[in-house]
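What follows is a structure written as structure tokens; I'll ask about it next.
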Amino acid sequence: MSLTPLHDAAAVPAVHPTDAGSLGVLLLLVIGLPALGAAVLLLGGRRTDKWGHLLGCATVIGSLVLSLVLFFDLLGKDAGERQLTQDTWTWFTAGSYKVTFDLLYDPLSAVFLLLITGVGSLIHVYSVGYMAHDERRRRFFGYLNLFVAAMLVLVLAGDYVGVFLGWEGVGLASYLLIGFWQHKPSAAAAAKKAFVINRVGDIGLSLGAALIFVTFGSTSFTVVSAASEHAGDGVLTAIGLLLLLAACGKSAQFPLQTWLLDAMEGPTPVSALIHAATMVTAGVYLIVRSNFIFSLTEDARTAVIVVGCITLLMGAIIGCAKDDIKKALAGSTMSQIGYMVLAAGLGPAGYAFAIFHLLTHGAFKANMFLGAGSVMHGMDDDVNMRHYGALQKAMPLTFATFAVGYLAIIGVPPFAGFWSKDKIIESAFADNFVVGLCALVGAGVTAFYMSRLMLLTFFTKKRWEKGVHPHESPNVMTWPLIGLAVLSAAGGLLLVNDWIVDWLTPVVGEHAEEHLSVSPLVMSLIALLVVALGVLVAWVFVGQRDVPREAPVKVSFVTRAARAELYGDAFNEEVIVKPGWSGVRGLAVFDRGFVDGIVEGTAASFAGISSRFRLAQNGFVRSYALALLAGAAMVLLALLAVNFS
Amino acid sequence: MDVTPFIVLSAILFTIGCVGVLTRRNAIVVFMCVELMLNASNLALVTFSRANGNLEGQIAAFFVMVVAAAEVVVGLAIIMTIFRTRRSASVDDASLLKY
Amino acid sequence: MKFTAPHIEYDLVAPILIVLGVAVLGVLIEAAVPRVHRYLVQTVLAAVGIVAAIVAAVLVLNRIHPRAENPKPGFLSAEGALAIDGPTLYAWLLILGLALLGVLLFAERRLEGGVTAFAGQAAALPGTEAEREASAKGLEHTEVFPLLMFAVAGMLMFPAANDLLTLFVALEVLSLPLYLLCGLARRRRLLSQEAALKYFMLGAFSSGFFVYGIALVYGYAGSMRFERIADAVAAGAGSHALLLGGMGLVAVGLLFKVGAAPFHTWTPDVYQGAPTPVTAFMAAATKVAAFGALLRLFYVAFGADRWDWRPMFWVVAILTMVVGSVLALSQTDVKRLLAYSSIAHAGFLLTGFLGARSLGDIHAGDINPVQAVLFYVTTYGLTTMAAFALVTVVRDAGGEATHLSRWAGLGKESPLVAGSFAFLLLGMAGIPLTSGFTGKWAVFASALSANAWPVVIVAVLMSAVAAYFYVRIIVVMFFADPVGDGPTVAVPSIMTSAVIAVGVAATLVLGVFPGPLLDMLGRTAEFIR
Amino acid sequence: MSNDFPWLSVLLFLPLVGAVAVMFLPKEGPLAKQVAFGVSLLTLALGIAIAIDYSPDGGTQFTENVEWIKSFGAHYALGVDGVGLTLVMLTVILAPVVILASWNDGDAGRWSPRAFFAWMLALEGLSIGVFAATDVFLFYVFFEATLIPVYFLVGGYGGPNRARAAVKFLLYSLAGGLIMLASVIGLYVESAKTDGGATYLVSELAKIDFGTDVGRWLFLGFFVAFAIKAPMFPVHTWLPDTTENATPGTSVLLVSVLDKIGTFGMIRFCLELFPEASRWATPVVVVLAVISIVYGALMAIGSDNIPRLIAYTSVSHFGFIVLGIFVMNSQGLSGANLYMFNHGLSTAALFLVTGFLISRRGSALISDFGGVEKVAPVLAGFFLVAGLSSLSLPGLSPFVSEFLVIVGAFVHSKVAAAFAVSGIVLAAIYILLMYQRTMTGPTREEVAGLPDLRPREVLALAPVLVLVVVLGFFPKPLLSIINPSVDHTLSKVDKHDPAPTVAESTPEGAHE
């Protein structure tokens, strides 16, 4: 590829933070507040039921405020000094290996802080209404706080092991929240599945960290970024691939994507916050954060791009066939993260756009999930879009905000999604035509399935269940929708004279100039054309026909495959789970029968020998005498043998 | 002098005694066979005493006889009791203790 | 020709003479003293005699003890027929101690309801009128005490014997009384008599080999004296075949007494059939005497030729341990099981015996084989004595309840008895903090020092096997529920209790603080020639 | 606290004396339990005092040395270095926890609860002895002596097949112990050849250079015993059978404390006395360790009986520990040492909380549970935290140790690490599968009435879990005493950490 900086060429930016000083306290508080909230809510027990949700919101909003303070402070500094560190304490040391909890606050962390606390706050507020009738609401907010704290650790940690801490923390929170309604076996199963598959990704992170230590003698960003140029290509590629594996787990990228759709078992705010806006984007964060690795290894980046392309198409296709509104959105999330990963894989040309898209997506996808939640709220928690229809009158506000999100995701200017996705498509084409084409097609499919979703939900005829009376949600739920809608609409402003790119430069390095054969404008127009096509197709095939309340069975292979999530689960089931179980059962037999059998067998055989040979003691004195004689003979033979051998 | 014939004879006697012990059932006979073994030993002792030119062997022979006599006393006592209780002097009948 | 009376150092051999004297006196008492008093007189006499013997032995010990002025390693006595040195004296003290405990067991009367465990009238046929009235009259054979003393006298001579003839005489003197004692059980008389017959027959048979062996060795060395034999062996004069044959046959006689495989066949039957007090004494004391003799004969007389006989003893030791441990696994009678365990212990003792190596190889402070064997035989003797004593306490209608199944639930019936028996078993199994462990350690170390590592490996494996059947008894006592009406534990008189107490205490003390005894043995365990 | 006063002896004999005292208290009434608990608390206090007084890099401290059996060269010699102290602390911490947790477990037993707690205290004392002994003979004595209390605890107070399980445990361990005895005696013979004369002091033995062959044979004797104790594949089968029948408290003392003797012994004796042999054996041991990790985890996934499952998880965890020991680098060894402590805590918590669960339901089969979370949320919470610590979630103490072991393994051999790391996935499966099947889903009517944790039970569990969390973020107190001992061990085996492949980067704060 054309953009790979050679080793002698542009050095990757080193992480050399200056001490945060007075801001350090704020950094600690940003994490501390939600952590404290979680502790109080989870340990406090029933006592905190009455005001628990309020505390939950308060802590996160507090963090938001602090994040803003920090952000503007950072904005005040000039680009060189936008890396702050706060020393805390040494986590552990072994030999020359030392891991600390020191925090790293730089432009990348800054935007993530805003995203996490911002969207987090809105969703907390929303949940107050959404979970109002759940007797375990207090615990729900405890978990949410826990998640926010962990996510903040993830993005503020200055060391790969520190990242690991947050990484697993959010995993735990997601496990708890997906399985929040544990009495539903499906929820419990989904939660476990999510955690286990994430663990598979963690193999990547563990070994990655190990390899980084072996290579650089440390896992802190400071040391690694300073020395990465001196490492060999093979090692860097290996590290890159291991980190990619981790990212795949967390961000539901192929081949570890299957957990995300099941994760929709969790309450909708969870889907919005964790499985759309923040946690699932951690993989992208990891790749961008490790730019000092990826920028130097073309092979690893290629792998990243491939994964990104596959997933963005997979997700899109799945999104087209799902009737469950949340699963459709989940498919879309996969696909959008695919875009981000793809962008991140482009190296210095793409890092910034990956983050840009991550931010805008965080806004509009959260917006739409909450919208979906609001819809379900009105439809008695029915998630099947085939039972919706013509809701725009029933819940106008939800419709309006949702529409903004819709326009944003399919990339209609001037909404946020247009700017971010457009940039990615451009860079993709600039990098490689096939990749660009994937991105472009993806955009088209996105337009299709989102339009389908819109039409099925808000337009076409009513297909409501009996006794369902759709109604607008309470204000506490609609205000966050409005807030997110605004962000979805205005997110594009971040690109005004490449602000986001310059902002991230200190972290990801100089934005390599791309030389595109056609002008950006043309590119955008093509993209818009494709999008329009997608919308049109949706209008023709969904909008113009009347939708059956039951999903038709006789459908094309493609649709069936898409409904089965492209057989990702089936594959795992057949290739891993079933053989695994039979293997385990076999092992149990082996353990009892062979490993333990040998032991027991030895004991038994001794007993057998004993009970057989005791019969030799037959009670006849003359046979005893014979034994005695034999013994004498033996003794004499032994003596002679020794002597004459 | 050549001791070989005497030793060979004593060995033969000893062997006869052994075989007797192993083959005969009657306690008394078995016991006599043991005596035969002892006497075979006596013959050997006396022979070697002669060969070595000192008396220890011959003295030993006397001791062996005395001891044998003592053994007879004890042995017969035991055999008698067994015989009286079991009405048989066969060593094979006394085989309650086994395994 | 002029007759010169042999010179006998009476002070040195006093212990033997005292015991013999008491024995003879005992016989006279049987003739003179009226029946009612005999029991008391005999018991007291025996006990006093033994104590006196112990005192005499201690006096002798002080003369060879390093701390004595002009200390000597030992003395040859009775024209060199007896060697009174460290090992001898230690064996004496040990045997006398065990004999004292034996007397206490013999004299136990409460368990059988006022009479001893011995036949009321050996002459009366089992199950006849005569027997019934004999037991009705409360008759009992007090001859057992003189018999015991004769046996003890033999045992004292055995390890001291310094020439083959004395060795043979001692062997017979200790054996013949035991043959008789085995036949004198008050209950289960058929078994008892059968035991006596078997023991006697096989004993006589083996002594036949023994004597023939003596003859051959004499033929080889031209003398019966150990030191002369040693010289001859060192010089390598004479026909080697004679030496080997003689050595082998003599070994057969001794290994028979020790109860080593394949000469062990009598042990289970005799131990089971004999009256338990006799079994206890026999199991403990005979091994001491026999190993004392074995050590002296093979270290002093045949020591220079150990390259020839060591492999043979390797084989015997391994065979003995295997037979003892493995066959014990399937035993169901406690006495018989203990018999097999004593076979296994004979094997471990032989392992220690294999530590034979030239004094040059033994550094100061190392465990030397004599020390190891004597220490082990001490721990074994005391533990076994107490174990058999405990067997006499567990009873049912038919006397002692020796079948293992009858011991089920003993832990509930009498925690004290079950507990102490369990402790003794752990001792035999060689669990640390019991004498069994320190003993095992000593013999294994001795063997390993002489590079007998294959034997040691077999030994540890067999210890593991042996542990199984000891543990099995514990399981039966503590974790099994009694079948039908459980066993009753008869409360013994002070005498049996004393034996048990001593045994348990010794098992514990020698397990925790074996140091003093080991050091003492280390100082004195040196043969003279 | 003056170091010439025999503090360790006091620490060691306090519970033993307590055990005897308890036996003389009345059978009925809670007095015996209270006294036992009090004694264990007293021991804990003393233990903490000792730990505070211990100076991190002062080598072996609180040493005592009295000649015991001269002719054996055996001494009554005590002393603790970092590793020893860590495990002593583990013992004294867990003892009161276990006693409190199994307050009523002794009642159903074959004998009075009094005996149960007496045995517990005896076990505590002997365990302390094992970890504090600096004389091989003394170590061996304690090593074997610990079997007896466990034997009676399992056989007297366990489940239906307790007698059989107890015997199997005893004989299995005894077999290992006797094989070790051969090596112990071998040590005597070898040391007797030296000018110093026979001795069992570790400090003296460490100076002796046994020849290659002798060293390897002796090493094998020790290693087999420790592998059985640990337990490692393929000599692990006694553990599940035992825990299946033992009471939770017994299982805790057995798995969390006693089994550590195996790994402790590997460091103290295998590595430090036979460095050459240890290096020689490394390839095989590492393979066995990796097999244990995967094998144990798979067996855990497959088992439906909760105590068996936990036993198998321990097989897996001990695989990690042994792996960390034999990769012979700072990361691995520090990780392994830390792992011993952390595994003790997490497994204890897991055994106890599942024990509460089982005693409530009267069944140990996972398939007999379901939806417990609804009726007993607190129990479920403790269960989850314990489980998460067992799958070593970052933020809980086992993570640090497991991560360090993986790193250490990676430094030693990338392949080994790659296989070992699969353990973290399998761990997630067996723990969450168990949690899912027991705690979540619709509540079954059999468990509908289960009461939630009682205050006593919470009181017993809470300290352990608090410790798990605190050490998860701040393991420094432990590492600061462990690392010096690790350096000591490494110098003994003459191994040095490889420098990072990229020379330019020497992290600040290296070698501290």
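In this document, chain identifiers A, B, C and D correspond to the written order of the chains, with residue numbering beginning at 1 in each.
By definition in this document, a contact is a pair of C-beta atoms (placed from the backbone, for glycine too) under 8 Å apart; a residue touches a chain by one contact, two chains touch by 3 or more.
Everything quoted here is computed from the prediction, not taken from an experiment.
Please state which pair of chains has more C-beta contact pairs than any other pair.
A-D
What chain lies closest to the overall centre, CA atoms only?
D
Any idea how many Å lie between the Cα centroids of chain A and chain D?
Distance between chain centres: 36 Å.
Calculate how many whole Å lie between the centre of chain C and the centre of chain D, each centre taken as the average of the chain's C-alpha atoms.
45
I'd like to verify one number: the distance from the centre of chain A to the centre of chain B, where each centre is the average of its C-alpha atoms, in whole angstrom.
Centre separation, chain A to chain B: 96 Å.
So what's the Cα centroid distance for chain B and chain C, whole Å?
Measuring from centre to centre gives 25 Å for this pair.
Specify, in ascending order, the residues of chain D that touch 2 or more different other chains.
171
Going by the touch rule set out above, which residues of chain B reach two or more other chains?
18, 21, 30, 91, 94-98
What parts of chain A, by residue number, touch at least two of the other chains?
In chain A, the residues touching two or more other chains are 603, 614, 617, 619, 621, 625.
Which two-chain combinations qualify as touching?
Result of the pairwise touch check is A-B, A-C, A-D, B-C, C-D.
Where on chain B is chain C touching in the complex?
3, 7, 10, 14, 17-18, 21, 27, 30-31, 34, 37-38, 40-41, 44-45, 47-49, 51-52, 54, 56-57, 59-60, 63-64, 67, 70-71, 74-75, 77-79, 81-82, 84-86, 91, 94-98
In their complex, what parts of chain D are in touch with chain C?
68-72, 110, 140-142, 144-145, 147-148, 152, 155-156, 162-163, 166-167, 170-171, 174-175, 178-179, 181-182, 185-186, 188-189, 192-193, 197-198
Touching chain B in the complex: which residues of chain C?
122-123, 125-126, 164-165, 168-169, 172, 176, 179-180, 183, 189-191, 193-198, 200-201, 204-205, 207-209, 211-212, 214-216, 218-219, 222-224, 268-269, 272-273
Taking the touch rule as given, give the residues of chain C at its contact with chain D in the complex, in rising order.
These residues of chain C touch chain D: 363-367, 371, 426, 429-433, 437-438, 440-441, 444-445, 448-449, 453, 456-457, 460-461, 463-464, 467-468, 471-472, 475, 478-480, 513-515, 518-519, 522.
In the complex of these two chains, what residues of chain D are touching chain A?
By the definition above, chain D touches chain A via 171-172, 233-234, 236-238, 295, 298-299, 301-303, 329-331, 334-335, 371, 373-374, 388, 393-395, 399-400, 403-404, 406-408, 410-411, 414, 417-418, 421-422, 424-425, 428-429, 432-433, 435-436, 439-443, 473-476, 479, 483, 486-487, 497-507, 509-512.
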